[in-house]
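The first chain written gets the first letter, and so on, giving A, B, C, D and E; residue counts start at 1 in each chain.
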Amino acid sequence: MSDTKITAGSFKPLKVDNHEEQEKISAPSLTFTQDAIRRLKQNKVAVISLFVLLAIILATFLAPVIAPQSPNTQNVAYANLPPKIGNGHLPGFKGTATVSGVTVDKYQQAGVPKGKSFILGTDYLGRDLLSRILYGTRLSLLIGILATLVDLLIGIPYGIISGWKGGRTDTFMQRIIEIISSIPNLIVVVLMMLILRPGLLSIVLAIGFTGWITMARLIRAQTFQLKEQEFVLAARTLGETPTRIAWKHLIPNLSSTIIIQTMFTIPSAIFFEAFLSFIGIGIPAPSASLGTLLSDGQKAFRFLPYQMWYPAAVLCLIMVAVNLLADGLRDAFDPKS
Amino acid sequence: MTKYLIKRICYLVLTLFIVASVTFFMMKLMPGTPYTNQEKLSADQLRIMNEQYGLNKPILEQYWIYIVGLLHGDFGTSFQFNNQPVLGLIMSRLAPSLQIGAQAMILGSGLGILLGAVAAIRKNTWVDGVATFFSILGISIPNFVLAVLLQFFLAFKLQMFPIALWDGFSSSILPTLALAVAPLANTARFMRTEMVDVLSSDYIELAKAKGNSRWQTVAKHALRNSMIPVVTIIGPMAVNLMTGSLVVENIFSIPGIGEQFVKSIMTNDYPTIMGLTIFYSFLLMVIILVVDILYGIIDPRIRLSEKGAN
Amino acid sequence: MANILEVKNLSIDFKTYAGDVHAIRDVSFELKKGETLAIVGESGSGKSVTVRSIMGLLASNAQVKGGTVKYHGDDLLKKPEKEMNQIRGNEISMIFQDPMTSLDPTMPIGKQVAEPLLIHKAMNKEDAMKRALTVLDLVGIPNAKERMKDYPHQFSGGQRQRIVIAIAIVDYPQVLIADEPTTALDVTVQAQIIDLMKELQRKIETSIIFITHDLGVVAGIADRVAVMYAGKIIEYGLVDEIFYQPKHPYTWGLLNSMPTLDTAGKLEAIPGTPPDLLDPPKGDAFAPRNPYALQIDTEEMPPFFEVSKTHYAATWLLHPDAPQVEPPAAIKTLMAKYDEVAPQKVGQTDGKG
Amino acid sequence: MEKDKPKVLVSVKHLKQYFNPGKKSEVKAIDDISFEIYEGETFGLVGESGSGKSTTGRSIIRLYNPTSGEILFDGQDISKIKNHSRQMKEFRKEIQMIFQDPYASLNPRMKVKDIIAEGLHIHKLVKTEAECDARVNELLDLVGLNKDHATRYPHEFSGGQRQRIGIARALAVKPKFIIADEPISALDVSIQAQVVNLLKDIQAQQNLTYLFIAHDLSMVKYISDRIAVMHNGQIMELASADDIYDRPLHPYTQSLLSAVPQPDPKLERKQRRVAYDASIEANNEGRQLREVAPAHFVYATEAEVPGYQAALAKMTQATTIAQ
Amino acid sequence: ACGSSGSKEASTDTVTFTTSDVISTMDSALNTNVIGAQALTDTMEGLYRYEGKTVKPAIATKVVKPTNNGLTYTIPLRKDAKWSNGKALTASDFVYAWQRVVNPKVGSQYAYIYEGIKNATDITAGKKAVDTLGIEAKDAHTLVITLDKSIPYFSQLMTSSTFFPVYKAAVEKAGKAYGTNSKTLVFNGPYKLSNWNGPDSSWTEVKNTNYWNAKDVKVKNLKYQVVKDASTALNLFQSNKVDRTAISGDTAKQMKNDPDYSTLPKSATFYMQLNQDKNPIFKNAKIRQAISMTINRKELVSQVLGDGSKPIASVTPKDMSFDPTTKKDFTSELSTEGTKNATYNPKEATKLWKEGLAELGQTGKTFDYTMVGDDTDTSKKQSEYLQNTLEKYLPGLKVTLANVPFKTRLTRSDSGDFDMVVSAWSADFPDPITFLDLFVTGGDNNNGHWSNTEYDAQIKASKTTNANNPTARWQNLLKAQDIMNTESGVIPLYQSGVAYLTNANVKGLDYGPSGSYNNVSLYLKK
């Protein structure tokens, strides 16, 4: 420690009382959400997933513009054509198929005029698969979103009320949940289908009938914790009504749980619809959903594998993206990380 | 403990009763009758059959008869399989589903726990990345797609396993695999999250401070504690698996209960639907009870608080 | 007196999104056989990080920037994981702050206490359990024999902390590190635990590093005291020196802000808040809150000035050129007491060493 | 204390607060306590963890519905007003609470401004947004915080600052009475003094009455006028702060005091811990809070009173001699 | 034969089939489906049995001609017929079985095909006692059957499982459980079910050594496996795990050129009914004709179904019934005026549609109709195809699809809860009347409520005045079918067929007009 730098003036008392300065917060003011977004941004995988999802959503909602043709236009003469791009030079998109060891040009066989091609091939009624996938994905996403709405509209209030009231009310509400969850989903679906007619509404209602239970359970458990939190007690001592406490204090603090759970609701709804399609009570024809496309594709897999691969790929992509995003969100909303 | 069990069983019975009632009235809401067919039944035949099935009585009385029957273990007879008792029907279809379900459950959750634990311990390394990727992929592939792929590649092309049909253990392997992937992936993810939490807790610190190596710490302290919440998801998962997966049963031509369920729905076979629903609920609640007891075994805090409450 | 443990120029950073947190900045101290060193300082001053580095239990984002931790002459920071496992829980043990969370909720406590023996002493299970029982008796768990099979949640907070202590001493360690072992406890229980630790120290002749932010506790247990502020030790000395001859304005502030049973009038609070260790000030980190700050405090970090052979303080006020300042009145009262106490204190320390 | 007839602001009479009454898990958190708090004073409540301090505070502010007993606030019985009634709303303005945990007591998703203004809006104490801002700034200033802190979120503040935000929130509705439930025990030593000073200043300024709950006895002694010592849901001893510290009569109080660590090695070396033998409470027959000396109450049977009086006399003598 | 890998001895004597569903009952009185009917045909035997397209005596010693104006059949039974338990089979076993079917207490859904046998209808309606049925055991080996009115297709009817005998003691012993597992059953056919339990998804039939004709039964075991998934079936077949399997949809289309591929037309047709009650525009013939003409049946069967189904111009299928005199196929004798309505002609269709609408004063209106169909894959595909083609050529028509489970479809058809419905009918016995009878005014299955008095009159005449005059009756039926065709009262779509993959070693498959195989003739080429 050399004293060289020390001058006489160094030992003058520092009279400015600058501890006020200390109280200034130097870091930029970040809201909780901003903070979460910052953390999310750091997670490259999650960001990529987000963009993939946005791209898919955009593509499906622009389907009327970008789809090569209407998803329901049939041309049975062109049925089951394999994928082909342009003149068919790209491997995997040549428009050929191997029939008993011989490679044949399916397009030629079907008498498709030169220059006309289907990027992802056609289905059993000669409908363009790409267009159907675009529209199908849109419908599947819509189902996911609608199911989420039900989830939000029932699950959250139910969970909050059950958790907030506690005691007998809670026991009663939990019993109801137990009972509902012990009724097989399929029964509900079929009943809805019979009463309401097959279609989007039935599927969404059926998914919604039991779909909100996980959300309600999570919210209830969290509400139990939150309601003992001192800031909630503070609001009570200020005379805030329970409804307003729910809006101002509970829901904002439940938001991460809600977002993450939603992220799981969407894919499970899409999955459930796929399952319904498989057993034949999904979206009615001619509308396509990823589920109907997949179940059709599965049946044709031996000979026309592309009819399963492409919808499966899209479904997997959405699932993977949503799941990775959900993981990212969970981490982002967890201040501990 | 016995007191607790009795209380739980009372709840179980009550819930079953409600489920039975709800399904009963739901079935009555369903349009159509079980014997709608293209064939013509004479009015007299119809009347006699309705009498035989008790369908001519007022709904409330039918309900009463049904509930009383249930109490005697009588689930009624199937419409679809003429005169076949529903209980027998369920039992004969249950075995394959239970076997595959249990195998898938054990395989899936076992491997899932392992995978999740490894991912958590190697958090933020490539191991974690790979494990996460596979578990997400596992959740993302519908099991029917998986079943088709397994059948085509492993059984048809490579002839490693039977293609389908129900004939001994070897024919249960592929369906087990197809079903195991989702629980595997789910448990792995759940386990990872939980394990990461547990690994950052004080008692793990203390375990390390005692001189436990990393793996000793995990084996002795972290694993068990991380399993506690995992057990909760294992319950419903087990029910879903054991009550059969229509899809996988269909693809592998397994005479399982999932397939039967859809069939009875499609044929308006009300007694079978009701029987299956009640049975399903029963299974669900028994599994939840088992899980709760398991829970207590894994987590002494719960065990004791219940003892205390009784 | 031999130094069991010597920490020299230890610097530790944490990597975070916002940049590096300079949590420990050039910390040095030593621990002698059989003595108790108390580390005091407010939250975030780096007490825990310091002792965790001794245990080799730093978080994964920690980076040792420099310095050594010598235990019997070996640098612990350079030891491979395997050898550290041999030392942890065997020669150096640690007690954590929160007795409610530091026991494994799913394992009977007997097993938890016996665990270090099984790891280090190659004992069979039965012997280990016997020894565990002895130790549990020693720390004062009533009915220890029956209660070995019980689980942590069946014990009160004070009892749990005793169990944690039992785990730490079951191997008769040379060094016992206690990170705020009583902060979560009631005063009455706290008093019991402190008495217990003193007694155990006598019995097993261990050296203790005791972390706390409560000066009252320090006064009761410590032989020597290190006061930390913002990742640095700013004053270091025998317990009486720190309490009756404090030199650093921060130590003054600390002593002053605690009401004693006869404090009247306004409390002398230390204004402001501790600095952000992401970007610690260039000079004395305490300067912005220091009413006695000098110009130089904003420019250069003060070095340690020797007050006595055992007493050092890092404040420019001790520089020969610095102006003489009047410590606050309460401190002066304390200082007055020093003379009566000093001889007695020295004698005591000698007796121990 | 100089005032001869202090006005009683809060009067608790035979208050009982049981949790899960009738069930096996019943907890008698408060079992028949009575005391009075005078206007303008600070009433300290000490005791070990689980002794019922928080429960007392929360019962008074009606976070719980008392099992039995009366709570008179300003002469009005508040133990039986209905939740969500107009009376309740009125009452909510009069009493406020400051909480222990500076992290849990502020909603992490709300801005400081909204946290402080919440009470203003509920009780319609401000009419315009501008008026609201002005009042929030005034309050921030009062607790020693900066105006531009209003738009920030709680997690950006240190513990001491958060505690001050909590105080500002309580003060916003201009209460008469504040219950401070361990407001400083989660804070650093150096910060504790800041908050205690602030509380004292505000009390003087606004003529507030405090119920100050803490387990740090030195701080309670410093801030309180009178102190009640709680144990197992009962008040063991109630007297002026000085009496409690200088002339503790009940063995529990004595034990508690002996355990307080003093920041003075010399004293500490001399300090002898007194263990408390709870068995004297075992026979609870006829035990109640009795006045053994003017304004000095001890939880005792009729028969024990003379013994306590004798002890008190001895202590008084000892102190006088010392002086 | 069972597979290249099949080295096990037993397997050489086993033929394995896939089947689409389980047996729901083995009680011949209660069975309603083709799976049960096949199992019954394998294991039981009635008076006659189909061999190829001809009715051959089975338990009867000869195919009997009626006497008494076609009202009495005296049928001699073979004396060597035995039950599988070795007991002799007698005429009273038939009497017991038949009385069971018509007994309303038994609740046979097929009791109606006894119509014409003396008192049958009255007995099912509960008006007469069971023992008044027109069947009588004259002696142990002679059966006398009396009819109310002559049944021209009586012999064909006797091949149907509903007329099989049952072993009385077994029925009485098992009570309600009769037919729910193999233990309750006693057989008299070429095979016996072994170890079959209710809802089993596979079952084995072993050769019945007590069968009177056991020497002609060449295959020891028949194994049936329920396989629902098309690609699983294909995989199993290609790995030689099954010898014969039906394939459908794309699998069928893709396997068309495989040497093991074959198709089998069924005596079943798919047709569309239009709900005239709900939508009066369907009362207009032009509208109906327009709808019929928009459908390209050829494309439908070849491109969409691809499973061996054939276009058809009438609801009565081809290759089922033949002119008693000319021996020509029923469908080949229909007038072209009617069949042209079932020929694809979109231009004409659009024209008729517009004309029809103009006649109704509905020009320019839009019509939003629901087309109900089954929820099988094939049905869904055809619905999609029909929807597209209808909307394309009939301006203003919008079709919504409702592909629902079978029973739901029936319920909706019955209750008129549809605008259009695609239904199917499979012959109960090989005679046009089994189809034509459906669409008389007020007919149970006439869900569209198309009604034509002339049509009704022709059907009635065929049953009454001309019942004993095969030629005149034939003309009645042809007329009726022509009327329906010209009117497009019901719109025929196609005759359903099934595509099969069959192991080349399996020979002698004999599919009879009744919809079951006669597995007596089955053999394996070694």
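In the analysis below, a contact is a pair of C-beta atoms (placed from the backbone, for glycine too) under 8 Å apart; a residue touches a chain by one contact, two chains touch by 3 or more.
Predicted model, so just to flag it, every value in this text is computed and none were measured.
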item	value
Shared interface partners, meaning chains that touch subunit B and subunit E	A
Path length in steps (a step moves to a chain that is touched) from subunit B to subunit C	1
Chain whose mean Cα position lies farthest from subunit C	E
Pair sharing more residue contacts (C-beta pairs) when A-C is set against A-D	A-D
Computed distance of Cα centres, subunit D from subunit A, in Å	50
Rounded Å distance between subunit B and subunit D, as computed from the means of their C-alpha atoms	54
Whole-Å gap between the CA centroids of subunit C and subunit D	32
Computed distance of Cα centres, subunit B from subunit A, in Å	25
Residue numbers of subunit A (touch at least two other chains)	23, 27, 194, 298, 301-302
Residues of subunit C whose C-beta touches two or more other chains	271, 273
Subunit D, residues touching no fewer than two other chains	161
Footprint of subunit A on subunit D - complex, ascending	58, 61, 63, 84, 88-89, 92-93, 95-97, 99-101, 104-110, 118-119, 122-123, 145-146, 149, 151-153, 155-157, 161, 166, 169, 173
Of subunit A, residues touching subunit B in the complex	175, 178-179, 181-184, 186-187, 190-191, 194-195, 267, 271, 274-275, 278-279, 294-295, 298, 301-302, 308, 312, 315-316, 319-320, 323-324, 327, 330, 336
Contact set on subunit E toward subunit A in their complex	229-231, 234-235, 249-251, 253-254, 257, 299, 303-304, 375-377, 380-381, 383-385, 387-389, 400-405, 408
Partner subunit E, residues of subunit B touching it in the complex	31-45, 47-49, 52, 77, 80-84, 88-89, 92-93, 148, 151-152, 155-156, 159, 162-166, 250-255, 259-260, 265-268
For the subunit A and subunit E complex, residues of the former touching the latter	72, 74, 76-77, 79-80, 99-100, 124-126, 193-194, 197-198, 280-281, 284-286, 298-304
